[in-house]
């Protein structure tokens, strides 16, 4: 589904991605692990065309590196950024509406369904999204992306800054999404969640992939964990 | 009575013209956050283009073609100018349009000269519609009324087709995010700017022969358009309409008042032959809009009907 | 040698339409003099300096002109600028003896400049407001059908002067005339004169007198035409470029102008008519309008010849009392106040002319009895001139 | 504690550095002002220099708002104008010569302008400074229109369209300067320009000056470190008004006249352009902008009718491509050279320069030919003996080919740089 | 002894939405008090009410016994209460040192002064350097704040907050987004900086909370459902249900 070969990316002069290789099969949930600052978010951004990528990124066989981000999104990629860019002056409902790419086609989810699934959001449906709490914002961002009916969704650090209870909720939500048949690339730090949902994990270190395997295999690799994940 | 009727009639027409001129600015501002200083220059461009087109063909073709051309110019400006500056924030955008106004003014002078061109009301509409208290009322003014009404309705529709508006607003602050959701942000910006400019162009087509088409018309209209937009509440179409009417009526009725300040404030001991006392209401007409602007911004910074602060 | 004359007027910006034709007139006039052997053998060079119509900027340009060796200053657009230049020239000549400069004013017509504020260094080649008003009021005096007059003008020295002149002269010549309105509007700020015109209509005036110029002229008559008003508009500057074009046929018989120029009349020399035609050919955007520019240089030429010098002080003394045959009548520079005395003409727009204007078929034709002799136009002066040496 | 003092000393720039960065430029500036007359500039040159001095102070005062406090004003000329008007009135009182005023030297006019500007800032700033951003900009626009309109109305204060004139030669002499000839006025302007530069610079070094920057960056946070952003803006506004008024006082003496249009949007717009073109992020930016714009405004119009167009092009060009203005280029260049990186970049710079020259060639050709075509004086653009009129093929070649080539070169060098 | 900070029946609604519904809280002098609660419970809103950013709909806030509700943020700050923000809120175009100096200035008595050269204010410079040293940003002192890495920006946020030497310090999720080691460093810093002062802190990281706090209040839907020592809170069934969920076991 998504095939990344020899991906490089730069911020000005600093070389952040250094030949990332990765692939995601249809329906798969992949967790991308790694310490802070190794370039996981940058990988996500490079896929979405927000950071100029060098190398090859193929989505369902088509080269997407270098395309403007709306084209990439229209091909069926969804992105939930780390910065949770909700549109603060608009209501929750309007935010969700903006996630829809094509008003004429109904996707897997409708706005009402979304609100049903997340009573927290439903309560605030007609409030400006800017006043939501951090957790509510995170949910909103994810729901909004789902409205666009993506085939593959990239979620960057969904649980950051969330209350423990909500973290569990978000985890469940992601599992739910996966069940609907959407492939997921999950950028996470909380191992507990990542390992629970993922079909496979990639570990990133200094701009390249240093390990890949199933959660079960990974559980046995304390060395990797020590070297690349723990601080 | 007579004075009142005239003041009303003229005020409404002037107000409608102001509204036509400011609606495009309102559109651009509310959707893109760009305070387009060159807006009045697009208005001028519309008038001049209409003049040239009309020479070759007819007014009716100009009425359609000139705004379209101005809109295209606007899109080019957005594509190759504003878009570049956008990343540097609103002040840079504002300054860009500020400089653009200079440029358009000069280019107009090159092509059409420094003096007024003879852009006239089309024959078809050039007749007195009725006579009122001994003064004729030109049919063209009623035409203005209709065009303005049409514009109001059309814009209303556009703005209330909310999704397009929403996307643009969101793209204003989070262009990347909106792009990631699959919307073609640059195209939308370009179109909005184009439409806004085309509206200014339309106002130019209509206003250019109602007033005079000369290279100074942009400079003269520029500030007042801002007053309308700000007083009405930035981004509020209804507000712009109300403000345009208010200012139109205020200015025209002030002119028809013969009283001086001494006549009004005489009871406070203001003598008729003091400098302040001698000032007539009529002579204050041009500054009234700005007085209104400052007062409104102080008392109610979001304008008459704006939803957010300027 | 070349004699540098600095033309300081708006050559860019909104007011360029007033400065440009004057500049062109001076250029053409200088070419003619140069072709005829120059001024005492010296060529005239006109330096065009743009003052952007600002009095302050004019002083900067004045300084620059003097530095480039110009000893003669030409200016006219706007009495405010003229007043600043008179003041500055006075100061300069006082501070820099031996480097005196003269100011030839060709259009700023506030009477004060040749009355209480007169200066030896200032010469005015246009009839001042009171004189022009004489022409208008004489004409009005003869029209018994005019009973009510409306005054409208621009709110600055010149507009005030026009209003004052109209009031006092009408009171004298036709005490029965009622002045039904006396309005000063802001200079160059009004976009739609309809409300003003409506006021005029309500006042039931039989005629309007105005000193408006530039855009204020054009827009005023336009609003009048739109309202279907057909009373005479007696103006100083109805010939401002654009006004006739704006009015079209409507101008015929309603728009009047008093000036030193009446191109479409009998008995004008072929030479003068050829000049008018030549101007239009050279500068198709404008029409022959600033006749006084030609008179100015002609008088300068004559004075230099008379003095046998091109030094400003000598020329100034020679100018005093000098007469030349202008194209439309003799012009004399009155010594007491440096105010030119020349015949004035009242003209109105007519379709039946040799020299149309504004690229229309219409042009300015003399009205019946529209010639005001220099004597009739003359006004006394209060000037107490201080002369050097 | 002693070692603490040592660390803090290491943090701050060293004494020598401070001297080099702050004192040396000021001394150099003073020396420059002193030696200029040695070159015997012509009278109009001196006049131009005097105007530059005035504009420098004005632009610096404007940048206290725009660059430092982040307040975009469309009406800064109001304060220069009011300061200047007051100074002209004082000059006239001095000329009347009775009592106290008779003893005031005209040399001190900028001080009066300073006071009047501050007062005007204090009065007008009160309502305008409550908000920053667009409301502030719009209020400033409205206020400028209002004050200018009032200027045309109250003749006894502002003299109507004609303005009010004064005579700088009245009153007692100061430092042996009669202030008659412009070269004497030069010393007056030089003195006050220096004071203005020194004053505005010193202001940036005060707590209030720093706070104004903080307020620009993040007004909300300022509130949570104990300051009222409104108050900060208001105080800065008063100072900006004061220095603008001082420039007005200088101008009153130099030009001896003030007119209501000095209060209007036009000079306000001009100072905005000058400041921005110079570079609002640097203290010296406005100085550069003032020098260049004064020069262009007063001399370019002698060479070409298209000076406004060039001005507009230049301004738009700066906004689009040089957000840090001319100062940005100057410092960028010197930094690169100082860092010894000239070797790496000189090629790309040369390419860019060549590209810019080509673009300029085209632009100038187009503009000049166009203006002559539209002007109808029958004049033809004849650079270097070439006869370029609209029918000449060469005109079109020169108008298009260098433009295309130039743009390509500039793009190329930009690409080279980013690699 | 008067409490350092006292909230009585504090309420705040935005339109129809009642966000804070009658909070009573009293924080003693020198106490480190943590507020926890699910997302959207109103923790940041509470901070905004205390620090003057929002006006309470009703109720009172007292600082050292003095009524501060209704006052402007800068007035409250001058009375000795300082806060940090959940999202870094720093002066991005200024250097780190200038950022901290802004925090220091007022407390050293240099109001809006414009007659002093800031470079010559020795005690300001010393205090600034001292704080930079304390938070470990000394080496980066002359970097523009915008260029700092995220964690350093969070640290700077804290530095500005403590710079003014306020007695009552409010920190809103100071460690959000930090890695473990960064969090540990931040906690150490907070511990040091809050010595002898009153601290009110919002955190989701239970490690931090249980480490740092003397007492904990749990805010759920605008109401405090429990206040007590860390042990009491951990054992509280209501809290478990409403907030801690399963992870409580991990932490326990």
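Order of writing sets the chain letters: A, B, C, D and E. Residues in each chain are counted from 1.
One rule holds for everything that comes next: contacts are C-beta pairs under 8 Å (C-beta built on N, C-alpha and C of every residue); 3 or more make two chains touch, one makes a residue touch a chain.
Worth saying up front: this structure is predicted, and the values here are computed from it rather than measured.
Counting C-beta pairs in contact across B-C and across D-E shows that the higher total falls to D-E. Chain centres computed from CA atoms place C at the largest separation from subunit A. Here the CA centre of subunit A is 50 Å from the CA centre of subunit D. Taking the mean of the C-alpha atoms as each chain's centre, subunit C and subunit E sit 76 Å apart. Note on chain placement: the centre of subunit A and the centre of subunit B lie 46 Å apart, centres being C-alpha means. Averaging Cα coordinates per chain places subunit B and subunit D 31 Å apart. Contact of a single residue of subunit C with at least two other chains is seen at positions 12, 155, 186, 285.
Shared interface positions of subunit D, defined as residues touching 2 or more other chains, are 149, 308. Of all residues in subunit B, those that touch two or more other chains are 113, 283, 286. Chains touching one another form the pairs A-B, A-E, B-C, B-D, C-D, D-E. Note for the complex: subunit B touches subunit A at residues 162-163, 166-167, 169-170, 173-174, 176-186, 308.
For subunit C in complex with subunit B, the residues that touch the partner chain are 12, 14, 16-17, 20, 155, 183-186, 189-192, 194-199, 201-202, 215, 218-219, 222, 226-229, 241-242, 245-246, 248, 285-286, 358-359.
For subunit B in complex with subunit C, the residues that touch the partner chain are 2-3, 6-7, 10, 14, 113-116, 118, 120, 128, 131, 133-136, 138, 210-212, 214-216, 219-221, 252, 255-256, 258, 282-283, 286.
Those residues of subunit A whose C-beta lies close enough to touch subunit B in the complex are 48, 50, 68-70, 72-74, 78-79, 81, 85, 87-90, 94, 97-99, 101, 103, 144-145, 148.
Subunit E meets subunit D in the complex at residues 51-52, 72-74, 77-78, 82-83, 85, 89-94, 97-98, 101-103, 105-107, 110-119, 121, 125-126, 128-130, 132-133, 138, 141-142, 160-161, 163-164.
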